[in-house]
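What follows is a single structure, and I will ask about it in a moment.
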Amino acid sequence: MDSIIKIEEVIDLGAAHQSLIHPQCGGICTFIGTVRDLNNSKEVSHLFFETYEKMALLKMQELAEEAAARWDIHRLVMIHAKGLKQITDPVVFIGTASVHRAEAFEASRYLIDRLKEVVPIWKKETYQDHSTWINAHP
Amino acid sequence: MDSIIKIEEVIDLGAAHQSLIHPQCGGICTFIGTVRDLNNSKEVSHLFFETYEKMALLKMQELAEEAAARWDIHRLVMIHAKGLKQITDPVVFIGTASVHRAEAFEASRYLIDRLKEVVPIWKKETYQDHSTWINAHP
Amino acid sequence: MKIHAFGAAKDITGSSLIDFPVEETFVKVKDLKSLLYAKYPDLTNLPSLAISVNLFYASEDTMVNKHDEVALIPPVSGG
Amino acid sequence: MKIHAFGAAKDITGSSLIDFPVEETFVKVKDLKSLLYAKYPDLTNLPSLAISVNLFYASEDTMVNKHDEVALIPPVSGG
């Protein structure tokens, strides 16, 4: 399996999709996370992503290997954004390509679920009058 | 919910993705079907899609309404290609955008599964020495 | 009655729009299928053959009017 | 011992790289956490605090060497 794993300022969605195309694959499933304008009924002005980049890339690599062991996928792309992000900006891109569609759907779902659980990246939301690190308060 | 439902010669993946972006949505799940170079161990040279276009569009519209009734999705795109297609060409694009990711994954999976079951579109595969309509033989 | 034919059904009937003689103004889908199978026996080799009437899948008992838009729908294979 | 701090943990410690005095060459993660909680009591308000050692999540009993790369990992919120 070929994989692309990156953390970058701006996610190039076109390039990400292009790298998922494979002649033996009939299906590509992607997930794109974008910045929402509301969270818990509070109006979001913008976001900031901080990353522990070396460890985040290593964890993403581990997740890719887990997915490749579990599903027959030929291409895998995982990209997370860092820095300041505005409403509707893409913040994460997950994509897998497989011969049959079920595997791509399952692998992509697994990768985004696990990324949100274990990859050391932190999101700070800024509202009209204050900011907060998400998940940092009980 | 806003939806785009089309049958066209060439699927513009960039435009399709762009129309899924919505400020209230945090997640976009897409499925792209592409032409494989092998089917049942036979080398595929190219494909041809025939469509009963009026009925196919109506069926796709029905599926979109079913998905919108079942999941809270804000944007939906379903595009199927017609005519001659080469290996790696996109032949179908399904995308949904929702506030939370589970709904986008489930809705997109439902739409592609149902499309393959009920939308009147037929695929003819051409190999080195002959052609055949897929699913037309017991 | 004009009947559209697609995919493998078109190959069997030899045309994408066949002019099919029907005596009555109304005919049940199941009777229409019997007439079609008699004229084009190879249609019985398809794993399934649905009939659409005015763009909707019809049941065996749907009544078809001569002027309805009718189509032969062999197993679909989109996506 | 140099300790990286991220997100809410960085806000609490006031720095992304803190120079934390540890007497022994080796210290257990759980003892290191006790020392950190004593110096930065607000860390106990986090819903969880993981420690990574050389880029891997450590267990409470992992032994940390003064020269390891250690980081404070508050609840992650990527994606």
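We call the chains A, B, C and D, going by the order they appear; numbering starts again at 1 in every chain.
Heads up, the rule we're going with is that a contact is a pair of C-beta atoms (placed from the backbone, for glycine too) under 8 Å apart; a residue touches a chain by one contact, two chains touch by 3 or more.
According to UniProt, the chain labels map to these proteins: A, B = Molybdopterin synthase catalytic subunit; C, D = Molybdopterin synthase sulfur carrier subunit.
The structure presented is a predicted model; accordingly, all values stated were derived computationally and were not measured.
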item: Greatest separation from chain A - chain, by CA centre; value: C
item: Separation of mean Cα positions, chain D and chain A [Å, integer]; value: 26
item: Whole-Å gap separating chain C and chain D, where each centre is the average of the chain's CA atoms; value: 72
item: Junction residues of chain A, two or more chains touched; value: 33, 112
item: Interface hub residues of chain D, defined as touching at least two other chains; value: none
item: Pairs of chains in contact (touch as defined earlier), listed by label; value: A-B, A-D, B-C
item: Interface residues, chain A side, partner chain B - complex; value: 13-14, 17, 20-38, 87-88, 97, 99, 101, 104-105, 108-109, 112
item: For the chain B and chain C complex, residues of the former touching the latter; value: 33, 49-52, 54-56, 58, 80, 91-92, 112, 115-124, 133-138
item: Chain B-facing residues of chain C, complex; value: 4, 6-8, 10-11, 45-47, 52, 55-57, 71, 73-79
